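Listed below are the structures to be examined.
The same subunit A turns up in both complexes below, where it pairs with subunit B and then with subunit C.
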Partner chain A sequence: MTELALDNRTLPDRSTVVGWLQNYGVYLGLAVLLLFNVFFTDHFVSGENFRTQAVQVSPVLIVALGMALAIGTEGIDLSVGAVMALATSVTSLYLGYGPWLALVAALIGGAVIGLAGGSLIAFVGVQPIVATLALMVGGRGIALVLLPQLKDVRDPAMATLGSGSVAGIPYLALIAAALALIVGFVVRRTTFGRRLLAIGDSRPAAQLAGLPVHRVLITVYVCSGVLAAVAGFLATARLQASDPSSLGNLMELSAITAVVVGGTPLTGGRVRIGGTVAGAVLIQLLTATLIKHDLPSSWTQIAQAVVIVLAVYAARERGKR
Partner chain B sequence: MTPWRAAVTAPPDEVLAVTGLTKRFPGVLALDDVTFTLRAGQTHALVGENGAGKSTLIKVLTGVYRPDEGELRHLGEAVTFPTPLAAQHAGISTIYQEVNLIPLMSVARNLFLGREPRTRLGLIDFARMHREAKETMAEYGVHIDVRRPLRELGVGAQQMVALARAVSVDARVVVMDEPTSSLEPREVETLFGVIRRLREQGIAVLYVSHRMDELYAICDTVTVLRDGRLVHTGPLAETGRLQLVSLMLGRETSEVRAEGVTKFSGSHDAGSRPVLSARNLDRRHQLHDVSLDIRPGEVVGLGGLLGSGRTETAKAIAGALPLGGGEVTVDGRPVRTGSAAAAIRAGISLLPEDRKSEGIVPGLSVRENIALAALPRMSRFGLVSEARVDAVVDTFMKRLRIKAASPHQKVGELSGGNQQKVLLARWLAMHPKVLLLDEPTRGIDVGAKAEVQKLIDELAGNGLGVLLISSDVEELIEGSDRVVVLRDGSVVGELTGDEVGADQLLRAIAEAAEEETPRHD
Partner chain C sequence: MPSTKEHPAAAGRTAPAPGDTARRGDRVAALAQRHGALVALVALAAVASLSFDSFATGDNLGNIAISSSFLATVALGMTFVIVSGGIDLSVGSVFVLGGVLAAWGSQYGTVVALLLPLAVCAAIGLVNGLLVARTGLAPFIVTLASMLAARGLMLAITDEGADTFLVDPDSVFASLGQGKPLGIGTPVWITAVLFVGGAVLLRSTQFGQRVYAVGGNEQAAALMGAPVARTKISVYTLSGLLAGLAGALNAAYLASGVTILGYGMELDAIAAVVIGGTLLTGGLGYVSGSLVGVLLLKVIQNVINQIGSLDSAYQQVVSGAFLVLVVVAQTWLARRRRVG
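Take a look at the complex of A and B:
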């Protein structure tokens, strides 16, 4: 029966179409949504609107990059929202020593949470969903201990970072784009990226091939933690305030949505960074479109659900093969 | 066939029987016209090598599978078991290798699951349940607090709970699939005591095991399957060990086949000092004091029946199994055991038996699979050099003649033979000193098989030390310069030089079994 598998290229049209949709469906959806807005939404095609959308999507996008890595190893990282909260607390505590030091402190915080999660998963063998759930609850707790209530952030450098732009492109969007390129490069071109995919696809085989499974898993969750901390730092700059009780709430779910809609299967072994970016933008644009057309926010949620189900359905069809 | 007629034709003590049973799976004929009868009070051994069809037969008898052709009779009447539950209601209990109980529930609850004693209010009568559970377990030599969760028990004790549960549900037939694989000798004694009691009560036991001593100690009848066909059935006492082994492996002891069935050339010039030495490998229930040497340029065969510890030996050497004791050296330098990465660094490569789940990474391309282990050699500062990967992949795809649409095709889509070649390429790219091959040609087509065999020959010719595990007698004999014979996890013999022949091998496996007095009787 394995001999037959060679003839995959000549399989019926249906599965070819579904396979194509799984690979490129997110871009198609994005294109359709863009066209709809161009024709039916007032003031859609304006620099101001694009800038707003880009700034809003940046934190989700950055978090989703780390999430894509975790999902690529057949894991998940629920602690990302809490890491954002921790990052905002740390940022406002250390801002007195300058924004750079505050950034470094926030990144260290994210790395520590990632290290804790990764170690639990790799060495103790705790399931990723449980390990990072514990950190999601505990991490926000720590954030609130460090900074019990909302605090304004008054720092000119932070203000520039949050709302400034270069050549009409917001800093936030530039940073998000740069990070997406870096993560995409890491996945494609480094030993770490290759190993990550092998571990996600077949952990026993990866282990027997002598791959450093523990080290790779821990690195993945540290990366996810650091990326979430970056997102928390940037969100703090944009909002000009630190609010550890609300920043990053439900961010883990938005990030998972972006990754799944982007065509990265939850079963691991595959990471699609381009798709993840498109997925994040698609969800952002969908929300914006419905709001612009004066539909209540409940409609947004329903629409998101439909998109997720469609994405998962396409992925499932692929998996059945 | 009408029930009354069946009742007339069937012998009075027949409990469960199949006639003309055929079962197909896509691409595989698992059972081919098998006829099999289980009588009351019989302890019936079912033996055969991998892929012989034992599991399929058990699954048909216990209602997991339905036969494609053939008739299943229960107490003389033709029946079909639509579900495993229906078979259970008919009095057929199964104890699987992996214990099928609920680990978090107490021993007593596991024992009485689904038929708990009730109080007048319809609540579970815990006092009675615990008392009865305690008595039952004591009969099986397990003295424990039955209120404790099952998972706190040792595997042997858990097996006893499974057995007690299986028997206590009014069983007429008890199917035991390798029941002793995780039992201590003392527990095996207890199990045999239980089986004898079942026999006295007229309960039929279908006993699947690879341990010869056990079969001869407890079974009275034997059925041998090979490649899905029935090759022998009859009283065990009339079947010698040597005959049984030949039946299982498919070689008549008197039959001498022409040489050159395989692509192996035969002998190699081995170096004098071993490249790999394994000493006193020990692992609970699996390996006892296994030692062997492999010299450069030598193919060492590992012979023995299924379950004799061949795969475990290879995995232990490759660091893929934690060991209780023992050491492995490569070129005289010790290798940390229990770490696949350390073994690979030392130059040991393993082609695992379970190619699909432990070998290939199915979703990745041929190229990524070949490069996987050797990535650090083809990278600088963690960046993969695509040019170097291409060069290596290209070399091996040509050298091993790997047939794929392109290097970017997913490995999962290739044929078995090509998957095996991809794995070989992965290891050869590491320039190993020792290659451990666990059933390298199983499940691949004839052409690819010959190619792989030729390749193994070439590699040994180039000075690689090779350990070859194969259930194919021809392959083992013609491929190996030396054969180390294992039984029940111990080395029981070695064939060298002219002794490497099919007859000698079968005799070594069988005689080794005969030399010692049976452990459990």
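Take a look at the complex of A and C:
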């Protein structure tokens, strides 16, 4: 390995074993972890356990979908945790007018934050990490101004959404799966998806090719904001409470981890939605496994760190932040 | 990434020819970029001292100075990392780890209380640097992982955060945090000395020039023969070391190794560095600006506390809005300089 590779990235070669691992290692890791749990963890293979895991992973997964889009454009969205907090504040404020209106208000909140971030990035040319960092700080502030302390959410419709299920599958998991399919379709099959990846590959080239770079970038960050707001709304329904000071804390890091472990390079130009789903489930399952085997949370964090470094080292992207 | 890099030696030292309007515009933009935060700080402090009787008192200013000193020490290391074109997300976790190690070590004397956290935190920084420089992994990811690992290590030491090690308030180590020579807290003196040293190191030494060169254009720096890997490893080690020192001093100040600190500290440090005029793209930055950035954040916090009727949540709104303002101005100025 050369210490100073001057090329920006080495694309995985699909023809070799190593290349296969780079592309599909996350699925292999997930399979290994599943098998381990099937044999060594008591009460792992039960509908109840699968439902619990699915419900817990859903918000992270939904946020990670938007994050994957932002990372695909060689950007990043640090504001997602704050958007979840804003969504939960707005939801509990507007719940009096019915859950649908509360949902719409929460989504508008997320879209506005995304619009602000996207505009800073597209028009002003601020780096995504700084623009969304500022919105992260300000967004949580706004959430706390709107709702200064924890508030219980008592609404039958919200309770059904948060803990109900159809055919044994929780609503939350169904919504997350549907959103993953939609985002996957958008990335693979639509003009918007192609443009997004082209911008991630090379923004100057995309500009020269006449792509509507500004519009695509803004749409990406609005999508990320809206998805984070959906996650915040669903988390509120599940927890039966609004707590803007803690909801979504460190969510940006969990989402980035899921995306990166799933094989999407931070250098942009590629988005792997299937990998992102697998990455989110892998991290969730890893945490659950360590907890079920009575390992303390300190070990969970260290294990997560090792998984992140290994996954990214395997995908071997180079250079940039 | 847009290329706003200049020759490292020329960074911030524009010497325009007289009469040349484009160059004069350049100079104004450079001055605004460099001193904008200072102007804002002075203006805010002036308004605050006119509006609140309790602002410009010795006690209040002393409190601002103390609470700034720990973040400032962390931001100093972050400045080096960002100028080199990297980022260090692990500093918040390293800060709290340093504090816990110092409090635990203080039972064996001041030397252990200082050396243990410094050694461990520098080692974490060294690992960060090695991973970034030798494997080519993105600094964002490497330091994100070490952020998790360092907090995990801290939790493992403290029985999942249940143990809080105390510092004997009469010990020499405690006086490092709580002493007040000449009426100013010891951590403030230490931070001031570190900033003078840091400014000299970044501005006037070969190492500092290499940090600028690596951040400005890594490939060019490598072609010119600068030891790119060694420089990167050094800045991450320095950042870990300073975060650990800040944590240790904070433990001495609080007389205990509090385990719930440091969340979001990396973002505060990054915000302070950016507000201070350092470009996140690397290659351009000022140690003094980071100090001003920290003071500005802390004065905003203090003023919002003074208003009293305002919820502390407004502090976050104001900080966020201010950050937006600064980066928009910075980007605009950088673009203007490129055109001019």
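Operating definition for what follows: the second predicted complex is superposed on the first by the 301 of 321 C-alpha atoms of A that agree within 3 Å, B and C clash if a C-alpha of one lies under 4 Å from a C-alpha of the other, contacts with A are read in each partner's own complex, and residues count from 1 in each chain.
Convention: a residue touches a chain if its C-beta (ideal position, glycine included) is under 8 Å from a C-beta of that chain, and two chains touch if they have at least 3 such contacts.
Keep in mind it's a predicted model, so treat the numbers as computed, not measured.
S.K.: Scan A:206 for contacts with subunit B and subunit C and give back first, second, both or neither.
M.R.: A:206 sits against subunit B, while subunit C stays out of touch.
S.K.: For A:257, using the defined touch cut-off, is the partner it touches subunit B, subunit C, both, or neither? Pick first, second, both or neither.
M.R.: A:257: touches subunit C, not subunit B.
S.K.: Going by the contact rule set out at the top, does A:281 touch subunit B (first), subunit C (second), both, or neither?
M.R.: neither
S.K.: Touching A:309, do we find subunit B (first), subunit C (second), both, or neither?
M.R.: second
S.K.: Which partner reaches more residues of subunit A, subunit B or subunit C?
M.R.: Residues of subunit A touched, subunit B against subunit C: more for C.
S.K.: With the touch criterion stated at the top, can you tell me which subunit A residues are shared between the subunit B interface and the subunit C interface?
M.R.: 1, 3, 5-6
S.K.: Taking the complex as given, what residues does subunit B use to touch subunit A?
M.R.: 26-27, 318, 320, 340-341, 343-345, 350, 352, 357-364, 368, 371-373, 375-376, 379, 382-384, 386, 405, 412-416, 419, 426, 445
S.K.: Along subunit A, where are the residues that touch subunit B in the complex?
M.R.: Going by the criterion above, the answer is residues 1-3, 5-6, 8-9, 189-192, 194-195, 197-198, 201-202, 204-212, 269-270.
S.K.: Which positions of subunit A touch subunit C when the two form their complex?
M.R.: 1, 3-6, 76, 78, 120, 124-127, 129-131, 133-145, 148, 249, 253, 256-257, 260, 266-267, 296-302, 304-306, 308-309, 312-313, 316-321
S.K.: In the complex, go through subunit C and note every residue touching subunit A.
M.R.: 1-2, 85-87, 131, 133-142, 144-149, 151-156, 160, 218-219, 222, 228-229, 263, 267, 270-271, 274, 280-281, 311, 313-321, 323-324, 327-328, 331-332, 335
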